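Chain lettering (A, B, C and D) follows the sequence in which the chains are written, and residue indices restart at 1 in each chain.
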Amino acid sequence: MKLKTGAEYMESLKKLNPKIYYKGQRIKDVTRHPATAPHVRSAAMTYALASDEEYRDLATATSHLTGHTISRFTHVHQNVEDLIKKIKLLRVLGQKTGTCFQRCVGLDGINATYSVAYEIDEKFGTDYFERFKKWLTYIQDENLMVVGAMTDPKGDRSKGPADQPDPDQYVHAVEHRKDGVVIRGAKLHMTGAVNSHEILLMPTAAMDERSKDYAIVGALPVDAPGVTMIFGRQASDDRRDRKERIDTGKPSFGAVGGEAVIAFEDVFIPSDRIFMDGETEFTGPLVYRFAAHHRANYGACKTGLMDVLTGAVTYLSQVQGTTKGSHVRDKITEMIHLCETLYSSSIACSAEGCPTPSGAYMVDTMLANVCKQNVTRFHFEVARLAVDLAGGFLATLPSQYDLESEDVGHLVKKYFSGVEGIPTEHRMKIARLIEAMTGGTALVESMHGAGSPQAQRIMIFREGDLEKKIKLAKVLMGIPIKEKASQKKPKKS
Amino acid sequence: MKLKTGAEYMESLKKLNPKIYYKGQRIKDVTRHPATAPHVRSAAMTYALASDEEYRDLATATSHLTGHTISRFTHVHQNVEDLIKKIKLLRVLGQKTGTCFQRCVGLDGINATYSVAYEIDEKFGTDYFERFKKWLTYIQDENLMVVGAMTDPKGDRSKGPADQPDPDQYVHAVEHRKDGVVIRGAKLHMTGAVNSHEILLMPTAAMDERSKDYAIVGALPVDAPGVTMIFGRQASDDRRDRKERIDTGKPSFGAVGGEAVIAFEDVFIPSDRIFMDGETEFTGPLVYRFAAHHRANYGACKTGLMDVLTGAVTYLSQVQGTTKGSHVRDKITEMIHLCETLYSSSIACSAEGCPTPSGAYMVDTMLANVCKQNVTRFHFEVARLAVDLAGGFLATLPSQYDLESEDVGHLVKKYFSGVEGIPTEHRMKIARLIEAMTGGTALVESMHGAGSPQAQRIMIFREGDLEKKIKLAKVLMGIPIKEKASQKKPKKS
Amino acid sequence: MKLKTGAEYMESLKKLNPKIYYKGQRIKDVTRHPATAPHVRSAAMTYALASDEEYRDLATATSHLTGHTISRFTHVHQNVEDLIKKIKLLRVLGQKTGTCFQRCVGLDGINATYSVAYEIDEKFGTDYFERFKKWLTYIQDENLMVVGAMTDPKGDRSKGPADQPDPDQYVHAVEHRKDGVVIRGAKLHMTGAVNSHEILLMPTAAMDERSKDYAIVGALPVDAPGVTMIFGRQASDDRRDRKERIDTGKPSFGAVGGEAVIAFEDVFIPSDRIFMDGETEFTGPLVYRFAAHHRANYGACKTGLMDVLTGAVTYLSQVQGTTKGSHVRDKITEMIHLCETLYSSSIACSAEGCPTPSGAYMVDTMLANVCKQNVTRFHFEVARLAVDLAGGFLATLPSQYDLESEDVGHLVKKYFSGVEGIPTEHRMKIARLIEAMTGGTALVESMHGAGSPQAQRIMIFREGDLEKKIKLAKVLMGIPIKEKASQKKPKKS
Amino acid sequence: MKLKTGAEYMESLKKLNPKIYYKGQRIKDVTRHPATAPHVRSAAMTYALASDEEYRDLATATSHLTGHTISRFTHVHQNVEDLIKKIKLLRVLGQKTGTCFQRCVGLDGINATYSVAYEIDEKFGTDYFERFKKWLTYIQDENLMVVGAMTDPKGDRSKGPADQPDPDQYVHAVEHRKDGVVIRGAKLHMTGAVNSHEILLMPTAAMDERSKDYAIVGALPVDAPGVTMIFGRQASDDRRDRKERIDTGKPSFGAVGGEAVIAFEDVFIPSDRIFMDGETEFTGPLVYRFAAHHRANYGACKTGLMDVLTGAVTYLSQVQGTTKGSHVRDKITEMIHLCETLYSSSIACSAEGCPTPSGAYMVDTMLANVCKQNVTRFHFEVARLAVDLAGGFLATLPSQYDLESEDVGHLVKKYFSGVEGIPTEHRMKIARLIEAMTGGTALVESMHGAGSPQAQRIMIFREGDLEKKIKLAKVLMGIPIKEKASQKKPKKS
């Protein structure tokens, strides 16, 4: 674990030279640019905790490959305990940053690829697993940050990859050379991309036989030739660009994951970094394992965020003198209740985890899908309750420039004060925190990160084992199990 | 109706000289400043519709005071038809601006004050009603925009006005002169304040006998000496400040109502513009009537907004090729369903309206409260569904600078395209519209405007006529009506 | 209006001789049989109110055919006021019976058939409208109760009428004679059938050209030869069969509408009672108008029931000493809120009603569908809240036999008492009322009566005018209206 | 484990002679009486599974007291694995009986008393723990069924035990003899009471110092002198009394737990069966541990029931030919989703379990409360969805007498048929199963069993650690932790 602290991590980023654009301009140093620096600091927290006595047990693990102490974010889960510790680590990080710390995407990509590479080799006699272990040992020892790159643009969604008018709407191999593969396409919504060291490229969905060139998995550095990133806009991002400490709402850390487009314009990946190449039947399992791990995480990191939000509105009710209102207590109770319901599924899908053939542990996929599905509902409801409790001034509060103005500062201080003894500035800061955590970007990410709601519903239905459930009902009423409706076996005429 | 068009309205604003601050700077011309101009244009739409053949019947009325044709926004409702037409007008305006057009606050203040002034005079022999009619005739004939100013800062909410450490946390009379009253305090969240002509000042809650000085109603121009406004920040307001046409999301019109703080530093109001002064028992009815009218409106203007949002996501599903998904249709159905449920209550509380002693019509207060209560739930849910349908790129979309960039513009165009034949720019524009209408400020306003959710619940419980309902149940089971639990009449020992 | 009182109505039923079965036995006198008598009494209330000074204005109308005073349940709505009065009448009846009073089904059938018969004649030069007016005059003058018979069994729902293995799964003409039509089939869930005088037969869905024989509308007496009814079971119906006054929960009135199967085994309907015969294109409008009227009603009668339920739990909280609990008040508030939300849509769809070519008034169909859709959600939620507030003894309460037992009566009295001064029996009665109104049958009816939830969703989507909404969004962002995606108009190659 | 099979269990019940009343009559043999026999059979399943190869590992455990193989329902949880196995066992039993199998109440009572008796002894030097272990060894070796008796009548709920007009509204010691204690009072809603062997008596709430006589824990046989039980009514219980095989809905097994009142009229408990006597400070922990264990269980047994219900409606959709409807699949998906969300919390609170000083393992109390709170919402929603999918005939279906009638049987068979090849009887049976599982009693139990919803909310708020959460928010905004509002420390004047 070469990079040991947040500072070392940040230093390491300066040595890279990725091509990143934001608002039409190239970003030179992601650790300093006001748009990206807060995201860098969030990710740095994953490094910092590993050196923190209190959290070391959660934040590190022992590599099953080398026996070295490594960051848990580079670890292949070896048992249920690993899965549960990861969940607890994510909640702590959510509490400490109030946002996405980005590194679990790579972790989930590593775990999915590890187990699938093993199975491809088992079936086809390839050597992807050895290649991957070599790359992973490098990642673990260096303690690098990896962006798991999955989501393609998809173009016209009524058509699959092979039927798109523009074949580049899904990343694909455009040339196979002796020493590697050349790819083209793009990945959208790439969390942590601009401050990662490496990209782990994966297909976005199960591919059919016609889409062999789209069944590609590989790793490459973020500054490989032909890679361009465009950093997305976020709600109220200009406040951050201007370093408005209060109005930003969360001055040290980013809103969500600092997502970016990664465009690949004929990018070469050498063979020893290719972990799947055309084995379409394994694209489904790869995507599904990645998704399941990632969905499990959402009940952990987001509950950390909700802990912050719950604390923020509780504090605000103290400042405003409303702590005794029964409806205030009831709404805070509901926020906690929804938060812990989410956490339940994260813990449960981990506790019910089981090993894949490679030895890597998978979460229970049903419960992981259930977890994410609830996130897409409850995070909005928790935000709604927070907005209710905070009050209308969330939308009408004057700026910190007004607070500090000679002309009107006295009016802001006077008329936005609460109970005696707490400075108006504190009330304003907490209001801005709540504003930042409940509006726009923050919630969109909860909706669509790790797969849009409908993706989970499809899996929940598919894994619901309805045949077994029908049998349970029939047994209770003494209906024969084997009966068949004509609907199923239509008579021939 | 002197001001006949949007342009005339804007011209009239230039003649005023209110003291307005935004981000620490004084705003010189609200019709041009990028922060306020979009709000001015929204309000201007209320003027424009009055001259529009298609909408004139909704947008104008005949004054019962003068017989003149006036803007409906200055009209005292004379019957159920007036109430219903107002609802339809508000929905149309919501559809055309996609935001708050601000003018109903003054309208509701006018209607509440009109009926209450009449009743005060009936009881106390005062002449508030005549004073008010005179002022109102002026407003109607000039067609002025009035900001209804009700919400006080409230300081420590565990204490009433008279018990605040700082007596100015509620607006109050600090001096009674022969020719008028001097007031001090502030009003928060003042919708449309910066582009109104007049302020109609009202108390924020029912006042008790100890708070006579707080029972003050009066009218004053926005640029009266001692009046200072501070314009609030809104989500992503800097985009507007920079006139980013696409990224603003709604370039012509504002987010919500352009709320501002109005501070009154010893402001004088002459006697003929005072409509209540110390009659505390009438503060409750005034506030309640204002609130009921205002709550009724939310099922109208917000449904206009939801119409826009529903159209936006439907269009986006066409662009993205997902119109045939059954879950897409189902979510659009749900958006419409929730929207029309809200509209039901606005129509119903109007259809069930009835006259006050002054002749002015009131909405059904139960149904008006129910209306607003649902807004605080359904607007969030409609936004959540819109975010679901729109997709994750709502949170990660590059800026218009990137779209137009020589370096990366081709990548943005390529990878954010949808079905063939629709420019990427259109998809981006609609995404920004949805972003602007679902994030932050827009929803906070739906939660707290016209009273926070708990305010409605208190009224719903109070007006639920539980005694009658208990009787219904008892009759069905043959239980005597008159029975009394000892709980009610404890025995004396 | 020959039948003037509940007693006269009951007397009139004795003169009929319908073939009715219940639990395998024939019922001889529906006014006395314990299974049907409570339903007869509910329907009798519709007669009683017409003679009640307090409600006469709601319960009667002036026939536009004869000028006679008639029951509103036989009236063709002539204006918005008629529609609104009907809604208010239904709520009062729901409050007074705590259940379905059955007669609106016939009323809605009358209104739908009236307007559609007119339009068929306009198009085809038939004389259905005259026939119908003649029959309707008879119904009005005699003041008869009519069961609107629409829902067919449908057999295999993946197939339409013409494709069913058994053609009788939808009612159809099996023979056309000179003097009339012979029909076969059955209608399910027929509310009030066993205590009606007449059946108004209507098709269950829009029929295509292949299903001409299924496009049949006609009227016949309930005891026409070949008509057999089977009265359905209800939750806890045996308690009623044994006349257990307390445990029945609502001893005087029925659970829901006393639904029955009506089987037609080659039943003859004379020509002058046939109002549609093969005009398939009018089946859609007929069904839709009936459905819209009926859906509008659900926000009226069910709110009457919810008033009772709200009263019941409020009373119970008094008996149990829990009135001061903030969560108790909050849940009661929520019950009222949901109830009045439903009522809003009933009032609104009436206030927005408009005339058909025949002059008969239709409700606004969008708002009527929204109304019913909410009933399928809110009635369950109101019941859930009632169960929450009532307490667990709802499920474990001993019987009235135990209350009256020499052996254990003292224990029941002692341990089910509440606050001092209220007899245990009162608490038990109210618990049984709540049990009867929240369990099983009562809620199923709210779900499926007037069409299952999905039926409303299809209409809400269809009537949502998405083209207009898309246009609103485009205008706000300056996107051309006319643009066409290739998806819509694929280029030919 | 003396009783090894369901048959042996039933045989053992015949040797007891409890005083049980139902509908005013004494029940002589609970294993044969139609009201109680189905409940006996449900409980017997807990015995049967212990001998079933497939489930033995779940259904049995090794006693930490004796090393014997015992029923898991008499086991003190020794580790997380025990807690999780219990959860899985409960879900299986729910699936196999479709109802409550009653035995977890005693199990939870055993676990709560075990750990608390240990702690009382630690503090006061008493010997309750030894007494309890002796009694528990007897229960384990004999494999007896224990009813955990907690819920008191409570009378006037605005008053505590010591202030009730009738002191017997809470069970209390009325006499302390040398050899034991005489108690008086009653316990309501006693699940499985009539077919248990032993009663484990516990206080219903935390008692204060004034209520020492109410702080009593002890064990006694169900047929101890002075014990009388009254078996409660259930929805449609008469169908069962008449042994209507189809219409009962679940002919072999009961609705919920067969709850009964247990009245104690001066009942003597010998000293060696007393496990708490006046140590009021331990009543709180006892109640809370019992409640937490019990709340954890609801996400297990109820999910078993939901599995049955989901299977039932899925089967019905096959019979009705609606399996391909997208809304049908979506509603089934939602049923599964809600079910697995509940299960998540049961698993999670077990996985996060930890030892008490006695060594007995406790579940995580926050997550256990969250679990039960969701049951009070989701079970109703799952039932609502099932009713939606099943269709309206759930409320109007003729009886099995009609199905078998010579007169109308052919009509029932014809008109309630579905797709070809499935007998109408099967459709009717499944409809009755759904009716039995969604109406009335079944849902009331989910609401109030293991504590009414508000009880969980109080605990969720209390355990939410708001101080920590406030700190998280403050740290993110750089607000000092130690700051104190004057609200908290009012200045003295």
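Observations on the model:
Basically, a contact is a pair of C-beta atoms (placed from the backbone, for glycine too) under 8 Å apart; a residue touches a chain by one contact, two chains touch by 3 or more.
Note that the coordinates shown come from a computational prediction; the quantities given were computed from them, not determined experimentally.
Over half of the residue numbers at the subunit B-subunit C interface are used by both copies of the sequence. Taking the options A-C, A-B or B-C in turn, the interface that duplicates C-D in more than half of its contact pairs by residue number is A-B. Interface comparison, A-D versus B-D: the pair with the greater number of contacting C-beta pairs is A-D.
When chain centres are set by their Cα atoms, the one at the greatest distance from subunit D is B. Centroids built from CA atoms put subunit D at 50 Å from subunit B. With each centre defined as the average position of its C-alpha atoms, the distance from subunit A to subunit D rounds to 39 Å. Looking at subunit C, residues 156, 158, 321, 327, 330, 418-420, 457, 487 sit in touch with two or more other chains. Within the complex formed with subunit A, the residues of subunit D that make contact are 84, 95-98, 250-253, 307-312, 314-315, 318-319, 321, 323, 329-330, 332-333, 336-337, 340-341, 343-352, 366-367, 370-371, 373-374, 418-422, 426, 429-430, 432-433, 457, 460-461, 464, 466, 468-479, 483-489. Of all residues in subunit A, only 21-26, 151, 153, 155-159, 165-166, 168-169, 186, 188-189, 228, 230-239, 242, 247, 256, 259-261, 263, 320-322, 324-325, 327, 376-377, 380-381, 383-384, 387-388, 391-399, 401-402, 404-405, 407-408, 411-412, 414-420, 435, 438-441, 443-445, 447-449, 452-454, 457 touch subunit B in the complex they form.
Across the complex, subunit C is touched by residues 156, 158, 326-327, 330, 487 of subunit A.
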